[in-house]
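These are the structures in question, set out in turn.
Presented sequentially are two complexes of chain A, the first with chain B as partner and the second with chain C.
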Partner chain A sequence: MKFWDRLLAIDRRWIYIVIWLVVMLPLLFPFKIRPIAMPPVIRLFNYIDTMPEDKALLISIDYTPDTEPELHPMAYALLRHAFANRTKVGVLCVNSVMSLGLGENAVRVVAEEFNSHATTNADSIIYGRDVVFWGWSTPFVTVLLGMGEKITNVFPVDYYGAATESLPITPYIKNYDDAGILVTIAASSVPQSWITYAQVQFGLPIGCGITAVSAADYYVYLNSGQFTGMLAGMKGAAEYEELVEQKLMREDKDWGLRRKATEAMSSQTAAHIAIMLFIIIGNVAFFATRRRKS
Partner chain B sequence: MKKRLPLIIVLVLGIFAVIAFVVPHPVVQSIDETVRNDVIRIITAFSLVLGIGSIIRHHIIKVQRKAEHWPFSWVTLIALAVSAVIGLFGGIDPSVRSLLPTSIGGFSFHMQTLYENMIIPLGATMFSLLAFFMASAAYRAFRARNFEATLLLVAAFVLMLGAVPLGRMLVKPLPEFAEWILSVPNTAAKRGINFGIGLGIFATSLKILLGIERGWLGGGGS
Partner chain C sequence: MNLATDPWVWIAAILTLAVFSFLYRENPFYRFAEHLFVGIANGYIITFYWHRILVPYLFNPVFHGQKLWLIAIAIVGAFYFTRFIPKISWLVRIPIAVVLGYGAGASIPRSVDANILQQVKATIITRSSFADTIAGPGWQLGIWAIVIAIGVICTITYFFFSAQQKGILKPVSRIGIIFVMVGFGASFGYTVMARISLFIGRLQFLLRDWLGVIQ
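Let's turn to the complex of A and B:
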């Protein structure tokens, strides 16, 4: 068997080993890459950054653990941005009950990050005053439409079982009128539903964070202006992390917060290069054997 | 009657949903709100009971018949029972006191602890396996056999390089070019597809409302 034939018939386990190495090694020995934000990311950042003080940020955690590495950093970065601006935040899940733990984790972890540097009660992020996690409710069409009328009707209790009417934050987030924007982070078609039910019917501005593989589906809505901005995949998350860090540094809050998406960019870069090399080698081998046979 | 009643319910509620969307009269809106907030939720609650009952029945039958991979059915049943007990009577997270003790010394098995330490890693692991299959498939199947395939290959290269910061280091305007591919040619094609899908959804919805399409009743379209 000739060299090119052997290359074409290579055992797939060699490919798996190479991919494993190019993913693992940059995670263990990362090379520093500074992301430069693209226009869709900048638009979302600027919109949230310049929202009126009385407007809240709503974050819909519409992804499940399988896409956690790619999408969870977006939730962290958005919460950091909102807390740095002292914007009130409401977090919810509509797509799957499996998203609940991710929402709880994001709210708790980012609030702890800020509280570990707070010196006064006013500086702190207090659950129920500055942020609320409503949890999950179903069916999602009922939730999306009902929240436009009165959020406490849809979520009578929050994730922890507290009556939402009794929370200090509730008078500030009664329905979509009090929200500056809703950002849906999803690995499914849920962002389209947010447009159909929340934006078309109530005029709520929508931003989205989605997996890289589904980004192509959402440029249609971005170009039409239905999405205010978009974070696409790990790269989008890393770019938003960069913008948030620059903002925190400008405000003398250089806390050295962990940036998981930026850390993963070196691994993703290596994996993309490896796959491109595989494609090139596969094509060279294919054409070499085809020429010989013809 | 067994077939006619569901068809009548679908017709009446379907037409009402369309009316509620365009008629702002308080009576119509009030009925719509009740249907959305109460009726649909009650029906959904029943579907939860049906779903749990169905999964338990399915796996018990598999275990009884020793069907293929039946030991995994035990895993599903045990995981379902344990997570239900912890969720209903145990704690959501370690900071909230619960009915059942859900920690032994420093070892916590609260719902959130289980979620963060088991469900997230398991879910992420399953999804990450895709990277290996994609790499293998790219090596074996991604060939520049003709003009269209070559075009696809070039676009994929630009997008893959544009999706990592290295792309900008190699060719400065590459990320902008990748963005242009997604914004212009991709959007043009997607819009056409979406219009087609939209019209298809509209036509199928009408067929279901009018009882022409009856596949959802079971037993095919007859």
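Let's turn to the complex of A and C:
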């Protein structure tokens, strides 16, 4: 059997081992990559950064643990950005109850990050005053439409079981009119639903954080202006982390916060180079064996 | 090396390795992890629905004598379970019809606006298509707007099956298939990025949270 034939018939498990090594080695011996933010990410960042003070940021956690590595860093970065701006934040889940733990984790961890550096009550991020986690409700369409009229009708209690009417933040986020933008972080078709129901009906600006798999599908909504901005996959999360860190450093808040997406960029780069090499070698092998057979 | 002491981290790490063992071949460890996940996910969802939906929104009001009309709604919903009784299984059509009717009524007019009208509008080239924005200089954006308009027309022509693709339709549809292929290439590239990202996430967990060999 010739070299190219043997290459084409290689056991796929060898490829898995190569990918495993290519991804693992940069994690053990990282090389620094500074993400350069692309226009869709800059647009979302600038929009949130320049929102009027009385407008809130709504974040819809619409992903489940299977896509956590790609999407969870986006939730962290968005919350850090909002808390740094002292923007009021409402977090909810509409897609699955499996998203609840991730939403609760993001709100709690990022609030703790800020509170560990706070010196006064005003500096702190207080649950119920600065941020609320409404949790999950059903049915999906009713939630998206009902929030446009009165959020407390859809979420009479928050994730922790407290009556939402009694929370100090509620008068500031009554419905979509009080929201500057809603960012849906999703691994499904939920962003499309937010456009269909919340944007068409109520004119709510929508941004999205999505898995890389669905990025190609959602660029059309970005091009049409239906999405204000877009974070695509782990790379989009790393770009947003970079913008948030630059902002925090400008405000003398160089806290050295962990950037999970940025940390992964060296592995991501190495793996992409390996895949490109595989594609080139596979094509060369294919054409070489075809020419010989003909 | 700084091994985790949290038993939950060990359970998660062992289950991760059990799932990865499928890359070698199908085996009982993989199947155990898969079945465990399905069971726990279903158990969690059912428990959550019971405590956070049925109890506060149905049982509590009804048992306190309020919103008694909810009983009728609950009965209609319970018709879903008639699928298990062949003689009256036709009753399942009632809740399905309600859900479909409500869903279609709520979504069709809005979907036409969001997915057709707004998308068509985005392909119309106007003077604003050549305006400078954060996305780049105006001349560059204008060229892309023209490329998008050509791409849409050519791709739709390729999928126009009511007439034989000859004459002017032939070169136009050929250009259309190029746009389709570029779209597939972009999707594939993004898919690779997504899958690698998920693998990186798991490796970060194994190397940091479990083995403690990276910071």
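The rule we apply is simple: the second predicted complex is superposed on the first by the 294 of 294 C-alpha atoms of A that agree within 3 Å, B and C clash if a C-alpha of one lies under 4 Å from a C-alpha of the other, contacts with A are read in each partner's own complex, and residues count from 1 in each chain.
Here, a residue touches a chain if its C-beta (ideal position, glycine included) is under 8 Å from a C-beta of that chain, and two chains touch if they have at least 3 such contacts.
Nothing here was measured: the structure is a model prediction, and the numbers come from that model.
J.: Touching A:Ile19 in the superposition: chain B (first), chain C (second), both, neither?
T.: It touches chain B and chain C both.
J.: Scan A:Asn105 for contacts with chain B and chain C and give back first, second, both or neither.
T.: A:Asn105 sits against chain B, while chain C stays out of touch.
J.: Could you say whether A:Tyr197 touches chain B, chain C, both of them, or neither, answering first, second, both or neither?
T.: second
J.: Counting only touches as set out at the top, which of chain B and chain C does A:Gln226 meet: first, second, both, neither?
T.: second
J.: Which of the two partners, first being chain B and second being chain C, lies in contact with A:Ile281: first, second, both, or neither?
T.: A:Ile281 sits against chain B, while chain C stays out of touch.
J.: Just checking: does A:Val157 make contact with chain B only, chain C only, both, or neither of them? Give me first, second, both or neither.
T.: second
J.: By the touch definition at the top of the document, which applies to A:Arg34: first (chain B), second (chain C), both, or neither?
T.: In the superposed model, A:Arg34 contacts chain B only, not chain C.
J.: Report for A:Gly128: first if it touches chain B alone, second if chain C alone, otherwise both or neither.
T.: In the superposed model, A:Gly128 contacts neither chain B nor chain C.
J.: Which parts of chain A are in contact with chain B and also with chain C?
T.: The overlap between the chain B and chain C interfaces on chain A comprises residues 16, 19, 23, 39, 66-69, 98, 100, 138, 141, 145, 212, 215-217, 220, 223, 233, 235, 268, 271-272, 275.
J.: Would you tell me which residues of chain A are touching chain C in their complex?
T.: Going by the criterion above, the answer is residues 13, 16, 19, 23-24, 27-28, 39, 42-43, 46, 66-70, 97-98, 100, 135-136, 138, 141, 145, 156-157, 192, 195-197, 199-201, 211-217, 220, 223-226, 232-235, 260, 263-264, 267-268, 271-272, 275.
J.: Which residues, counting only chain B, touch chain A once they are in their complex?
T.: Listed in rising order, the residues of chain B that touch chain A are 33, 36-37, 40-41, 44, 92-93, 96, 111-112, 115-116, 119-120, 122-124, 126-128, 131-132, 134-136, 138-140, 142-144, 153, 156-157, 160-161, 163-166, 168, 175, 179, 182-183, 186-187, 190-191, 194.
J.: Write out the stretch or stretches of chain C touching chain A in their complex.
T.: That would be residues 23-24, 41, 44-45, 48-49, 52-53, 56, 102-103, 106-107, 110-111, 113-115, 118-119, 121-122, 134-136, 148, 183, 186-187, 190-194, 196-204, 207, 213-214 of chain C.
J.: Name, in rising order, each residue of chain A that touches chain B in their complex.
T.: For chain A paired with chain B, touching residues are 10, 12, 15-16, 18-20, 23, 33-36, 38-39, 64-69, 98, 100-102, 104-105, 108, 138-139, 141-142, 145-146, 149, 153-154, 159-160, 212, 215-217, 219-220, 222-223, 233, 235, 238, 265, 268-269, 271-276, 278-279, 281-283, 286.
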